[in-house]
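In what follows, chain A forms one complex with chain B and a second complex with chain C.
Our next item is the complex of A and B:
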């Protein structure tokens, strides 16, 4: 099942390499042994590959997922309110029946779910539905990531701190609170007086108040190319491109680490080299923490 | 006992974390000790008097003056006394509070009274989101006490609250009473969408019509006697809650059936709008 995503255009190898076409020991006929359901607010190219297309009204994802959870438990749902989602009780009941009968279900969700009204609660609703379906059969859920190696950032933060994002180190240990410490919220509120941007372009994607704040404060950008963010930054350090002229590790969407080997040489340093040299320069500065104060992770 | 007065002299450039500002701590401190109290300006350890002029000592009555919207964690875990803030204040006001009273004349940020155990918080202006809520990953929000917000409030008010009362005078944004496990939320001006989503127990009272989740079931109209008890208690705070059958009644909606939960949303129906059934 794909929810709020358009893999045919955004992840073109997803059907053929992972979800629909592959033949296996238990599914020898490949596509014919599988059922694909697409849930979206409009018909996209991915709709052509789907067995069932459920078109819901914009902003009704959370409601539909909550109704599905109620139907899964055999609970009463207000039928006239279901009509407001753009679907019928029969469609949703059929969805649940198919999900229960599946041998192994997988839900993929895109930004059509996670970035619309409700945001993290929409994702939480889908993850909870997947968890509850495990009372009947095996079900998993996975986000369809947008930009390159977003999964890598999440995995490394999780491994280093126990949390995937929205972390502060100001007490010398990680504290997690999305909405308070996540980048976009910190920038919109104007809580920072400096910014270091690595391999990202918030100037192209974040809301205008966040971009305005980045322009006001000293912003340092490490990027191989000129971006919206580098144009408003005080300092832009050009770095080599990971996977082309710099080695490294990229994480696939399913959290499989893939080593990258450089094919070309670059006159520019890698991101890692630049950050290491900044760290060394910072370490040479005088110590500002009073005696007995906690040390930060970087200083240990 | 004269109050300890803190007046902001320099507005912090980045958030100032000042959980040391509590009546519990200041009641045993001299003026010099209060001025030495540790606050975190971003990552830096600072003294309280780097940012505030301090007068008074040995008191559990604190007054603060100035625009404190960058100052977080005021009154955290306090269990006694009074904290009065003349102006606006930042996040986590009265978080984990156990007793005492906090009053804010301006606005307050997110997480007001988060996971509080008891006490009283009154914000005369607007409140942020996650009022009386549970922190991310935590199972229970506020467990007792009262929070009154005079103006509007943000997202996820009363998320996973277990007990206690939240009253909001202005309109509330989405997910009010999300995963609520008990307690009462009173919405004087209604709320946006998804009110009571995934609620297990508890009561949400709204004096204005609400858009309800499809997983709530209409369960009749009545004038419950417990509302009279609430009304009597809230009258002491200047809040009027109607319950006279001649003036109107409450429409009861049960849910959220997706859990399946036994929470209730009561929406006030003025007498001239009561449906004939």
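Our next item is the complex of A and C:
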């Protein structure tokens, strides 16, 4: 099941390589042994691959998910509540019947769910539905990750700090609070007074007040190209391209680490090397806590 | 002219991270990326090994990498609340260095996930 995503255009090989076409021991007929349901607010190219397409009203994801959970628990659902979602009771009941009958279900959710009205509450509702379906059969849920190694960022931060993103070290140990320490919020409030940006181009994607703040403070950019963000930065360092001219590891969205096999030699240093050297240069300066003593490279 | 070949190369353009790509390349560019989808092909074929951009820029002027690293370290060290952000289109090895730097700076650390 795909919810609020368009893999046919954004993750073109998702169907063929992972979810729909592969033949396996328990699914010897490949595509024929599987059912795909697509939930979205409009029909996209991915609709062509789906057995069932459920078109819901924009902004009604949370309501649909909550109704599905109610049906799963055998509770009565108000007709007017169903009418608001753009679906019928038959469609919703059919969804739950199929999910319960499946041997192994997987829900993939995209930004159409996690970035629209309700945001992380939507994702939480979908994850809860997947968890509750486990009373009947095996079910999992997974976000459709965009940019190459953003999954790796989650994994590495979890490994090193215990938290996946939105972290501060300002008390000397990691603390986590999205909304307080997440970048857009920090920038829009104007809290931060220097920024190092790598592997991203917020100058092209963030809301304007956040970009304005990046232009006000000393911003440092590491990127293979001179980006939008580089143009408003005080310092830009060109680095090699992960997977093309820089070696290393990247995580697939299901958290499988894969080695990169760069084909080209780059005239530029890697991100890893530049960040390490900045780290060493900072280590030669005084500690940020006055009595913190000299900095040593402890974590290497 | 014969091209070098790498089998089972990894594409990092989207979250699928397909690891079955066959790359045909010479010194400067990749000529073919077999098995990759349209997005992956464009990603592999668009990059070259050329020196297209300046090594580093400080306030819009060309600089050496050493100067830029020193300037970056000074800005980050002088800040009360430095932020390290992004970490998507890069390797796990670089991400780990970035965590270490944020720790040393007592700063903020965040990725695309928070958007």
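One rule holds for everything that comes next: the second predicted complex is superposed on the first by the 287 of 300 C-alpha atoms of A that agree within 3 Å, B and C clash if a C-alpha of one lies under 4 Å from a C-alpha of the other, contacts with A are read in each partner's own complex, and residues count from 1 in each chain.
In the analysis below, contacts are C-beta pairs under 8 Å (C-beta built on N, C-alpha and C of every residue); 3 or more make two chains touch, one makes a residue touch a chain.
In this text, all values refer to a predicted model and were calculated from it rather than measured experimentally.
S.K.: Could you say whether A:117 touches chain B, chain C, both of them, or neither, answering first, second, both or neither?
M.R.: It touches chain B, and chain C stays clear.
S.K.: Tell me the contact category for A:170 with respect to chain B and chain C: first, second, both or neither.
M.R.: In the superposition, A:170 contacts both chain B and chain C.
S.K.: Touching A:193, do we find chain B (first), chain C (second), both, or neither?
M.R.: So A:193 meets both chain B and chain C here.
S.K.: Which partner does A:22 contact after superposing on A: first (chain B), second (chain C), both, neither?
M.R.: It touches nothing on chain B or chain C.
S.K.: According to the stated criteria, A:235 is in contact with first (chain B), second (chain C), both, or neither; which is it?
M.R.: So A:235 only meets chain C here.
S.K.: Quick check for you: in the superposed arrangement, does A:93 touch first (chain B), second (chain C), both or neither?
M.R.: neither
S.K.: Taking the superposition on A as described, I'd like to know which of chain B and chain C A:134 touches: first, second, both or neither.
M.R.: A:134: touches no partner chain.
S.K.: Where does A:277 make contact in the superposed view: on chain B (first), on chain C (second), on both, or on neither?
M.R.: Once the two structures are laid over each other on A, A:277 reaches chain C alone.
S.K.: Please determine whether it is chain B or chain C that touches the greater number of chain A residues.
M.R.: C
S.K.: Overlap the chain B and chain C contact sets on chain A and report the shared residues.
M.R.: In chain A, residues 169-171, 178, 191-193, 288-289 are touched by chain B and also by chain C.
S.K.: In the complex of these two chains, what residues of chain A are touching chain C?
M.R.: Against chain C, chain A makes touches at 10-14, 17-18, 115, 144-157, 160-161, 164-172, 174, 178, 181-184, 186-187, 191-200, 202, 205-206, 217-218, 220, 224-226, 230, 233-238, 241-253, 256-261, 263-272, 274-279, 281-283, 285, 288-289, 295, 299-300.
S.K.: So in the complex, the part of chain C that touches chain A is made up of which residues?
M.R.: Contacts found on chain C: 4, 6, 8-20, 23, 25, 27-30, 37-40, 43-44, 47-51, 53-59, 65, 68-115.
S.K.: For the complex, which residues does chain B have touching chain A?
M.R.: Its residues touching chain A are 13-15, 17, 40, 42-45, 70, 91, 110-111, 129-130, 135-137, 174-175, 178, 193-194, 197-198, 212-218, 256-260.
S.K.: List the residues on chain A that touch chain B in their complex, please.
M.R.: 62-63, 66-67, 69-70, 73, 75-78, 81-82, 84-85, 117-118, 121, 169-171, 176-180, 191-193, 288-290, 293, 296
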